[in-house]
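Chain IDs A, B and C follow the sequence of writing; residue 1 opens each chain.
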Amino acid sequence: MDLYTEGSPVTDTRAPDGPIEGRWDSRRFAAKLVNPANRRKLTVIVVGTGLAGGSAAATLAEQGYRVRSYCYQDSPRRAHSIAAQGGINAAKNYRNDGDSVHRLFYDTVKGGDFRSRESNVHRLAEVSVNIIDQCVAQGVPFAREYGGLLDTRSFGGAQVQRTFYARGQTGQQLLLGAYQALERQVGLGNVEMNTRHEMLELIVVDGRARGIVVRDLVTGEITTEFADAVVLASGGYGNVFYLSTNAKGCNVTATWRAHRQGAYFANPCYTQIHPTCIPVSGDHQSKLTLMSESLRNDGRVWVPKAEGDDRDPREIPEDERDYYLERIYPSFGNLVPRDIASRAAKNVCDEGRGVGPTRLGVYLDFADAIRRLGRKSIEAKYGNLFEMYERITGEDPYEVPMRIYPAVHYTMGGLWVDYDLQATIPGLFVIGEANFSDHGANRLGASALMQGLADGYFVLPNTIANYLAAGPFEKLEPSHPAAVDARRTVEERINRLLSVDGDRTVDSFHRELGQIMWEHCGMERSAAGLRKAVDEIRALREEFWQRVRIVGDADGLNQSLEKAGRVADFFELAELMCIDALHREESCGGHFRAEHQSPDGEAQRDDERFAYVAAWEYGTEQPVLHKEDLKFEYVHPTQRSYK
Amino acid sequence: MAVTGLVLVLFLVAHMLGNLKIFTGAEDFDHYAHWLRDLGTPLLPYGWYLWLQRGGLLIALAGHIWAATMLAVRARSARPVRYAHRKKVQGSYAARTMRWGGVIIALFVIYHILDLTTGHLNPIGDPSRPQANVVADFAPERWYVTLFYTLAVVALGFHLRHGAYSALRSLGQQTPQGERRARGLALVFAVALSVGYLVVPFAVLLGLVR
Amino acid sequence: MNLTLRIWRQTGPEDKGRMVTYQVEDISPDMSFLEMLDVLNERLTLAGEEPVAFDHDCREGICGMCGMMINGNAHGPQRGTTACQLHMRQFADGDTIDIEPWRARAFPVVKDLVVNRNAFDQIIAGGGFVTAPTGSAPEAHAAPVAKAEADAAFESAACIGCGACVAACPNGSGMLFTAAKVTQLSLLPQGQPERYTRVIGMVDSHDDAGFGGCTNAGECTVVCPKGIPLHTIGRLNRDYLAATAKHTGRS
């Protein structure tokens, strides 16, 4: 293909072998350790303070390392992990319902549509049980039964009840637990916390990641910061779509800058789209709000049978409604997995049967459930969600069916890491959503929190020692040529952004980029569409650098400047996403290619050709593809079917 | 704040009960006033108990005002720049009038002492005839005295309502039921005390006590 | 809808700041309050004026980053709602809306509507945690927690740390924020060993940060977007009294 070149395969040299149950143990045993007395001489920079970054920073500091933590928000407690609603999976088998580490491992590999590494997923399942213990010990108020023990529920179609939760605010409670552990270390002087600081470049010295360039968002000051290792926990890149359920500030800059410095970016096209979000209400829309998936347990999804039916939904008689999920997937009905529910909604809207002012929406109707269970019981289950819906839309979902539409929610792709969570640049570690993670092509519900905390509390603090054992490394000064270069790159870029002085706002570009991505690299992708998208993105990027307008200067808080830097990186990432999506000529998990579907519209994987991780190397002309082959010894690939 | 407030509240209760003696007759009332000075004799010389009590009250009052001033100073320094648009009270009206209410009450107490204790501002001002002083004080033609007295007692009621509730909170009430109980208790107490204080002047005003 | 906005503009911490009047036209009632400000900022940018700086992130009412005084109400007129979840249908065409930053010495203004709330982090660092180093945790079911206690702990744990309580408090006190964390942890068995050192540490940090004292005025709980109840402060007081009785020196 003309858009990329292919390089040599990449292999995970840290991956242990032997029986899968013993791999994590054997890796920990083989890894070098750092003497407690030497840990104080070693500094680690952690970028991001979400579940992964917050827990990693706290744990590393507890172990005795000197930690410097950075976040762009005004407090580490605000990282977007806080918005996760549903819960966290763990193979505790408290329900005695047949769950086990092996079953969680199996479900996760299968849920990832056979595009993840077995060893990593098994480790994730193993440490899941420690996470729950850890969080309970911190005082996380999980939901409990009357007997005082932890309550669990089934989530996202799992057949076992392994999801621990704290009402609809599990992410918040887990994050606050990590945040409190982090603040304890801040109070003890073991962590230097830098809020309202944004990482804008990675400093690589002699092939090792040795520091970062940060901008103090309040004073505008740009500084170079050094350490013996750098950990990126900067989250996902869903905001490339402009409209997503991510926080407004979520961005790809930290990982993208590392990518430009040589770190491979893996599987960028794997995007999870969540079926139950509140639809867009107009051009002013700045973000999308997720409604918990649990709503599909009692709500029925439908659209009118006829195109362009504008009647009040309550006046449309039963036989003129199409409960399309129940019709197409009789055995799973409204509970089909996220990607299937999302695509089905897109299809009916494409047929012109969408509802609401924009016609991009379907009904989620609780009338039957209210009739069957009574309003009180629905209120007890979903009261807070219904209230939120009413606050946003002004409609009462007890009376009028809710309108929902899919929205970008999570990105499975990210920087490529080995079993130790180390990127292709030695000394650069990537954890949480920022790495290409353990989710393969699709993430199961309630697994994001599990992975973030597994990486931060248990995996990274063990594996990073193997690297740090070789330290401390040479002490660096800001005058080091590599630091000077990195700093100059940042300053030049900022000056260039400010000097354009054009006639379009940053948001207008971001919104347009999002439309291109949603149209061509969203729920359904095609070769023609992706090629078109690449051209459009390039043209728009060109225009951005000629017409963007940023008022104000770089000497203080300038939110437009911050946004502009992030959008500039999104342009580059967007192109890579489209190239990745174009090269992957199969449908798997969060990547659906129109050309690769069964006659009845189901995703068709191609294990012969595509059972690999696509790790992209940055190239000034073209990206270079490195393949990492995936082997399945324990879970054998099968085609998913939810009919 | 809570501890000094409680001492003052105990005094208010005793003072009110004493006031109500006016309904059992002039001799009784005068006798009570006299008894206060006689209390503690022969252990203490005549009048000493009252002075001890006055001393105690003064310390409590000073402590109360000092604590209130510290809170007010902290509050001022905690918000150096004021809001341009300040919404009216949303929580409790009584809570928001504590400081001005306290000042009004303090002014009243000074007046009240000059009036009925030292007698300087009283039309009769004879320390040996307290009942007569009271009756003269609230005579219908001196309606403004009654009005001022009423205003002060109402301010006191508000002050007590929030004060009593807040004191219960400071001293450890901590459950939702406890909060409701504390609110109810504070309200009943404040109303009872205000009524207890107001019946005297109104009884005089209406000629029920001569 | 057409609206008149009077917004606090302040170029930086040293600037004195002032209210500036803006007109915005064609506002849809379906917009969120922050989207309305986005519209204003787009227009200001194109006109070459600096857009209004305001904090926001998740825009779904959970991160606690947004917060502003809207017509004298912390987070605006709708109860139980953060500024980002407030929608313009709560206002009427032709309204004048005053928008100011949180005002407290402990929350100095950074720029326009943006304030520095690091003082809240300091309060947590002062003791708002359970000391449980990673790896040392006992089995999760080792200490059962009665459902009622767990639910009550959750109710307090719902605090998002937005600072509305401080902004609305006539005393500029951060006691509701402090009490929410004290209450959450003092209700759980895991929080018991540090129960009394925690409350003293947190209240000390609170006072050191320059917050005012609590007089139980109750304005905080009215504006709290998560409805943290006032009786949490009673619980803090009780623990504080017990703590000072137990530990004569400050630990």
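What we mean here is this: a residue touches a chain if its C-beta (ideal position, glycine included) is under 8 Å from a C-beta of that chain, and two chains touch if they have at least 3 such contacts.
These numbers were taken from a predicted model, which means no experiment stands behind them.
Asks: I'd like the most central chain, judged by C-alpha centroids against the all-protein C-alpha centroid.
Replies: C
Asks: More C-beta pairs touching across which pair, B-C or A-C?
Replies: Of B-C and A-C, more C-beta pairs in contact link A-C.
Asks: Quick one: chain A and chain B, Cα centre-to-centre, how many Å?
Replies: 64
Asks: I'd like to verify one number: the distance from the centre of chain B to the centre of chain C, where each centre is the average of its C-alpha atoms, in whole angstrom.
Replies: Chain B and chain C have C-alpha centres separated by 37 Å.
Asks: How far is the middle of chain A from the middle of chain C, if each middle is the mean of its Cα atoms, in Å?
Replies: Each chain reduced to its C-alpha mean, chain A and chain C end up 27 Å apart.
Asks: Taking the complex as given, what residues does chain C use to touch chain B?
Replies: 6, 8, 17, 19, 69, 71-73, 98, 100, 103-106, 109, 168, 170-173, 210-213, 215-223, 229-231, 233-235, 237-238, 241
Asks: Can you name the residues of chain C that touch chain A in the complex?
Replies: 11-12, 28-32, 34-35, 38-39, 42, 44-46, 48-51, 53, 55-65, 78, 81, 85, 87, 89, 110-111, 114, 116-118, 120-121, 124-126, 128-141, 143-147, 150-151, 153-154, 157-158, 160-161, 184-185, 188, 190-191
Asks: Considering only the defined contacts, which chain A positions touch chain C in the complex?
Replies: These residues of chain A touch chain C: 55, 58-59, 62, 73-78, 80, 82-83, 92, 94, 130, 132-134, 136-139, 141-150, 166-167, 169, 172-173, 176, 179-181, 183-184, 186-187, 193, 195, 218, 245, 247-249, 281-282, 284-287, 289-290, 388, 391-394, 457-458, 461, 503, 505, 507-508, 549-552, 556-557, 559-560.
Asks: Can you list the residues on chain B that touch chain C in the complex?
Replies: Touching chain C: residues 70-71, 74-75, 77-87, 89-92, 95-96, 98, 162, 165-166, 169-176, 178-179 of chain B.
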